[in-house]
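All chains are identified by letter, namely A, B, C, D and E, in their written order; residue positions are counted from 1 within each chain.
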Amino acid sequence: MRTKFRYVAAAFGLTASLALAGCAAAAPEASDSIVIDTAFTLETSDPGRNYVPTGYMVSKALYETLLDFAGSDESTPVPGLATFESNDDATVFTFTLDEGRVFSDGSAITADDVVFSLNRVAGMTESKANFLMNGITVAKIDDMTVELSTETPSLKLPALMTNPSLAILNSARVIENGGTTDDSDAAEAFLNETSAGSGPYILDSVNFESQVVLTENENYNGDEDIDFTRVVIRNVSEAATQKINLEGDDSQVAVDLSGDQVASLSDGINVFSTPSAQTIFLLINQSEEVGGVTSNPDFANAVRYALDYPALLELAGAGSEQATGVIPPSFLGALENGVEQDLDVAEASLEASGYKGESITLEYPNDYPVGGVSFTPLAERIQSQLADAGITIELAPAPFTTQIDSYVNGTEGFSIWFWGPDYADSANFLPFSAGQKVGLRAGWTAEQDTDVVNLASAAENATSFDERETAFSNFAEALQQRGPFVPLIVPGSNIATASYIDGVAYNSTWTMDIAELQAK
Amino acid sequence: MRTRWLKIPAAWITPLGVIGAVIALAWVGIAFTARAWVPFDPLSQDLPRLQAPGIDTLMGTDALGRDIFSRLMTGASVTIPLALMLVLMSLAVGTLIGAIAGYFGKWVDELLMRLTDLVMAFPTVILAMVVAAALGPSLFNAVIAAFVVSWPQYARMTRSIVLGLRTQNYVMAGRLMGFSPFKTLRVDIAPNVVGPILVLASLDVGTAILLLSGLSFLGSVLNRQRPSGVR
Amino acid sequence: MTELLEVEDLVIEYHGATVVRAVDEVSLTIAPGEVLALVGESGCGKSSLARAVVGMEKPRAGSVTYRGSEVPLLGVRRRRAQFTSIQMVFQDPNSSLNPRVRVGQQIAEGIRAAVERGDEGSHPEEWLERVGLPTDMISRYAHELSGGQRQRVAIARALAARPDLLVADEPISALDASSQASVADMMRKLALDAGAGLLFISHDLAIVRLIADRTVVMYRGKIVESGVSDLIWNDPVHPYTRALISAIPEPDGKGNLPAAPAADAPEEWRSELPEALDRV
Amino acid sequence: MIDETTPQPADAAAASTTPVLMVDGLTIGIGSRKDLKSIVKGISLSLTPGRIQGLAGESGSGKTVTSLAMLGLLPSNAVVGGSIRLTEPERGDTELVGMSHRQLNEIRGRRIAMIFQDPSSSLHPQLTVGTQLTDHVKRHLRMSSKQARAHAIELLDRVRVPNPAEALTRYPHQFSGGQRQRIAIAIALACDPIVLLADEPTTALDVTVQAGILHLLRDLADERQLAVLLVTHDLGVMSAIADDIAVMRHGEVVESNVRREIFANPQHAYTRELLASLPGAAGFEESTK
Amino acid sequence: MGNTPRATRRYSTSSPLVGYLLRRLGTSVLLLFGVTIVTFALANLVPGDPIAAALGEGAASNPATVEAYIQERGLDQPLPVQYANYIGGLFQGDMGISLRTTQPVADDLAKAVPATVEIALLAIIVSLGIGVALGSLAAYRRGKISDQLVRVFSLIGLSIPTFWMALVSFNFFFLQLRIAPGSGRLSPALAPPPTVTGFYTVDSLLDGQWVTFTDALAHLMLPVFVLSLFTIGLLTRFVRTSVLEVLDADYVRAGRAKGLSSPRLLFGYVLRGASLPILTIVGLAFGTLLSGTVLVEAVFAWPGLGSYAYNSATSLDLPGVMGVGLVVGVVYLSINFAVDLLYGVLDPRVRLA
């Protein structure tokens, strides 16, 4: 009984102290530090192994790459640690390092570091970023010059070199800590503790489930002039929580707000809305076995013209745009205008397709919003729009992990999916071609449309910028007219910040460059 | 008088109990009639999106421009029967297992009770997730997931009641008169289990609705962390 | 005359953290039409013995024989018809009746058992009448009856099965004082009318001596004294029996305090006196 | 080893003095205001130091409720009328009906103590005997733990619980039924009350044990000049130790007199009926064997 | 022998306690084994390709990476072999590498479990305090207005959707009233204390960091509040029933007849008498708290077991799912065991040995 009393007393005591602690909890503030809330995807802070968004954001701040993009313009790579020249065939690229640049420990950046860093990624087959170096040979010319060569024309290579996975590491330190250029590399543990790069920040601490802390790199001698010397990147998986944290000034940047959430933000919050590089599209299978009536190209056309795109866009909110084609805006070859609803065309096409009112199943992953767009309302609206056009749709949602299986195996007749680039280059969209990876998922074989196959090949092998742009436009045009895909929405990327912060620029790979954040 | 256990015990007739019964009945009524009187077609997407509650739209509109009040009322006709179904399923399976375990005892009891222990030792979230992942997070699948975790409580309760009943004098008296095991279960045990189990079940309907909404919530509300690499 | 029931060297043990020997090598017999009383303090093993007689308790050793065949354990399985002529009345009237079944139906189950054994049928009303209850009680439920009425119904049910052996385990201790004696008396009469043997278990010697032909006194699992009831009551020889009888307060209004043993039970109560057994 | 029977003519136990507890026109109803069920319908009793007042009757006659009313232990939906007055030479009269909880707590256990029917349920199974014997002593008599413990050992010794010091550390289930009731009596007497209410104190016990408890009660009533209310349905018990007897039926006292008169010369039909139902009573034996 | 003691325990070893503990341990190990088998089977029954989901489009089209991935995790082995390997690893403390986080599952759990246990423990303590107080109040005033109010409150606690409550209270206490801190376990300006127990509050005290302690405690406040609402409702309801039952017991009446003070009667007699059923429900509630915190953890960005379980399950991260299954199983069994031991402490009648 006495024990009991003590127990209860302790409970009340704790409750009371909780309340007191709550009153005392005014988080210490420092104007030169900043907190970024984002839903983590973070597996490692070894840039060579990283392949996920939050990891890219971190790598981008800690390391530098040979080339870079300026602001949110992802059409043309600009010099980073190096400048480059290519031969006319677009097969040999010569990179010349800037003079005087140093790593965070003060040592100079040389061609050896570049060769080691790139070969390390090329050698680590277990790294998810390994494929970036497929078909690229690295050779040191002199201490400040490196030559990258490919078998076939590869105008996408400069864009590849902006990818933070191909960051330049301090080879001496990494080798010291187990780094090699093959599968025996054991430097990950070291790089999860310490950064070995030349970026404006160094790694202070990392916890893959909760937060990453970056501090200023005292030895940094690049172009960026950072305002915030301490950066905390926190894992806040709920966008609603990110919003409240930002409004309550517990954080200064929120990365994952949806269009609707941005619209209801309180005053004094800056919002930077840009179309992302994701494209949400409808897949209409061209294989009779898989899709039945959907395999008739007229059916795809009927769907294409039956949809009311602006009404769909309504669901995506700020920053989003109608997808004009499989290539999103800001990428080379993106089309100016998308498809417009034309119910007459839709009706005629539907008539021609032989559709007899049967119910068609629309599959989609329902636990996986893309750019703040949940697929369930989107699917419901598509269902309602197609119903108006005389097409009966039955919704069949499934979790992402389950749904992706049938998507990859090409067994979906009619589904909603999305595509984002692995690196900032339009070559990322060639898999939509007939006979290519995504094309095949829609049962679209090379034989079915040799024209498109040729267009894709022309874009792939172009050796000049202009030639390349035209080829991509033609490819996108062809897909818009007769491809088995109906691009719907390019969701917006909404980065919201405290009012005194500026310099937010969205990038499709690293989301934003932390070093560019400025205090007004 | 024949079905004595259906008579409402006087102890239940409290202000709270009456209010509860009225609310429960009202919801059942709504569930069956909502389609006839809700102000808007719950499926129509014609209203402006994300309206605040107002005169026209009592609870506002959702992201697709549908009237939330109409959807809520018609939604009851889906959720309430499903919750009832869940409770009935758990009740049927749990009671059967518990009665067998309690009545036959010995290794049968040991085996069945370890089985319920296994289910109870199993993390509910994981089970629900796995079922949802395997079958898709529809409300019906939530029922299946919830069923898997909710039958053991009935099994446990039934078992403890049956264990208690098994040694009751009237059960012994029946056996002394040559009742078959089936007759003992039917005459002496089952009617005395029904009462408490129904009370548990009636309390459980509310929990079931909450559990179902929680489970179907998980898929729709939470932003799952993206699997690596898919961007 | 062959014995109806023969209990021979019966041992019953309970195995828990320690082993408790509730009945320790007890032998007794009951003849048809005989009333045998089993008395003793609570915990002396009389209930265990009664339960073993009907097969509710598994003997550790020894045997219980009814009409020449071993009484089977009362398991989940259906009891063979030849043993449904053993019936029992329990101590607690509250758990003796099924709360969900009408009184009449419960008595009818007893009648059914008798019919299945080949005995003649009867009506529940008859039995209610015999135990002194109004016949309109057949449509009642147990919770509508008083404790005494419930116990009468339980007796009616057991008798309706036309038992040849009726085991009554403290059937009157839960009743009001004023009806204890009359119910005990009624049980004796009804059992004798049916020609059945009655094993009557009680801690109340005062009542037992009035209805039992023979009395068996148990102490700590053993029989310490047995024989004709009047003999034991008027001339007890075992120290325990003596203490038991002299501890009964006489309701004579004289203000005499009964003799009280010391706080601890004396060792001599455990002594075995051969001359105290089977007194005739 | 049987105690020498000391035929105690209870009548001579103590000179009858003035009553310490007077019950006058007590009525008790239980239920809601609209549906009040009358349990006790105006009874009067008086308890005198050194005397045992018996209260007999069937279950449901209202005798237990009467004893609970004296301590204010009835459920909150009970309505009590009439008067229960405690008279003490040095304190004067105290009316117990309608008394506040706080005031009642000063009376309970201190002036009026109670023992219940079944010691295995009236002792807290999770508390040691020592705790249950000392907690109210510390409160009422302002004793230190050490004093209370010594006092408790003394009490246990008095009620003849073996090894009192060791018994304090044990739990109720480690004692036999008779010893538990002795402990309960010790608890009741710990604060030296003037009135003891005993509600069927021996009903749950074996006869041999009952005899010992009866002796103890009688002795304590005499030596401490306790006014005892003995509630029982057992006329044998009543005959053994009660000095005065009141017979209750349906909430009313139908007959009240000194013991001898009740047994020898019952006035009320119900009393006669009760006596006739006794085994061994005249007229009973013929009908049986 | 009115009530015949049921012979249930059979062992007659020299020390019943040792025998009991051994048997208990045995069944626990078997149960855990069962949990792993069921988890493994279930997770493998789910259609879906964890490799495609984990690697992403780019890497999944790179055969070298896919091959290396499969090799490293032994995914090419037949399922029984994979299971055997897993169990083999378990005995060496190796719970495998999470497919999702690419970290050892044991390391992940070592961070996630204390985070959740810290909330759950505090929530259970708070709920116990409040639940016992309200439940006792309601029982003492059965049928009165205060009883009805308490019961309505408990019903509300039981029926409020946790996710909604979490968001609303976060918005209200943090954003509107400014008395609660933001999400997470600590303010971003503070560094976590050195890990000893994994509880930030305890670790910061051990390290003498008072500011970190108050900050950690402040961050616990809201999640604990939200989580407690349900358990308070549950406990209140239960305490009320148990206390009502005990209030009718003879020993409480006897305590009252002794003139004990009300607190003494409540704490010493009534609550002690009701402690066993309350203990049982507290054990159950604690188990639920541990595995049922996913929604609260999501809202408060709490890196705990609930989020970990959710993310593992939705990304078909088999080692992660297995790890969570094991941990929850172990916790469930330990709680059951602790409850049984406490039974012995609270009730001398069931005390063993």
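Assume a residue touches a chain if its C-beta (ideal position, glycine included) is under 8 Å from a C-beta of that chain, and two chains touch if they have at least 3 such contacts.
In this text, all values refer to a predicted model and were calculated from it rather than measured experimentally.
A.B. asks: Over the chains that touch one another, what is the least number of steps taking subunit B to subunit C?
C.D. replies: Steps on the shortest route: 1.
A.B. asks: Across the interfaces C-D and A-B, which one involves more C-beta pairs in contact?
C.D. replies: Counting C-beta pairs in contact, C-D comes out ahead.
A.B. asks: If you average all the Cα positions, which chain's own average lands nearest?
C.D. replies: E
A.B. asks: For subunit B and subunit E, let me know how many angstrom lie between their CA-based centres, rounded off.
C.D. replies: Chain centres of subunit B and subunit E, defined by C-alpha means, are spaced 23 Å apart.
A.B. asks: With chain centres defined as C-alpha means, what is the inter-centre distance between subunit A and subunit D in Å?
C.D. replies: 86
A.B. asks: Once you find the CA centre of subunit C and the CA centre of subunit E, what distance in Å lies between them?
C.D. replies: Using C-alpha averages as centres, the distance is 53 Å.
A.B. asks: Any idea how many Å lie between the Cα centroids of subunit A and subunit E?
C.D. replies: For subunit A versus subunit E, the centre distance works out to 37 Å.
A.B. asks: Provide the list of subunit B residues touching at least two other chains, using ranges where the numbers run on.
C.D. replies: Answer for subunit B, listing residues that touch two or more other chains: 133-134, 222, 224-225, 227-231.
A.B. asks: Find every residue in subunit D that makes contact with two or more other chains and list them.
C.D. replies: 127, 131
A.B. asks: Listing for subunit A: what residues touch at least two other chains?
C.D. replies: 1, 43, 51, 128, 237-238, 367, 399-402, 404, 422
A.B. asks: Which subunit D residues qualify as touching subunit C in the complex?
C.D. replies: Touch residues, subunit D against subunit C: 1-3, 5-11, 58-59, 160-162, 177-179, 182, 206-212, 214-215, 218, 233-241, 243, 259-260, 262-264, 273-275, 277-281, 284-285, 287-289.
A.B. asks: For subunit E, which residues are in contact with subunit A within the complex?
C.D. replies: Counting only subunit E, the residues touching subunit A are 46-50, 52-53, 55-62, 64-65, 67-69, 72, 101-103, 108, 111-112, 122, 125-126, 128-130, 132-133, 167, 170-171, 173-175, 178-185, 187-192, 214-215, 217-221, 224, 264, 267-269, 271-272, 275, 298-301, 303, 307-308, 314-316.
A.B. asks: Using the touch definition up top, name the residues of subunit C that touch subunit D in the complex.
C.D. replies: Its residues touching subunit D are 41-42, 176-182, 185, 188, 203-207, 210-211, 243-244, 246-266, 268.
A.B. asks: Which stretch or stretches of subunit D touch subunit E in the complex?
C.D. replies: 68, 71, 73, 101, 104-110, 113-114, 116-118, 121-127, 131, 135-136, 139-140, 171, 173, 184, 187
A.B. asks: Of all residues in subunit C, which touch subunit B in the complex?
C.D. replies: Those residues of subunit C that touch subunit B are 54, 56, 74, 76-81, 84, 86-88, 90, 92, 95-101, 106, 109-110, 112-113, 116, 141, 154, 157-158, 161.
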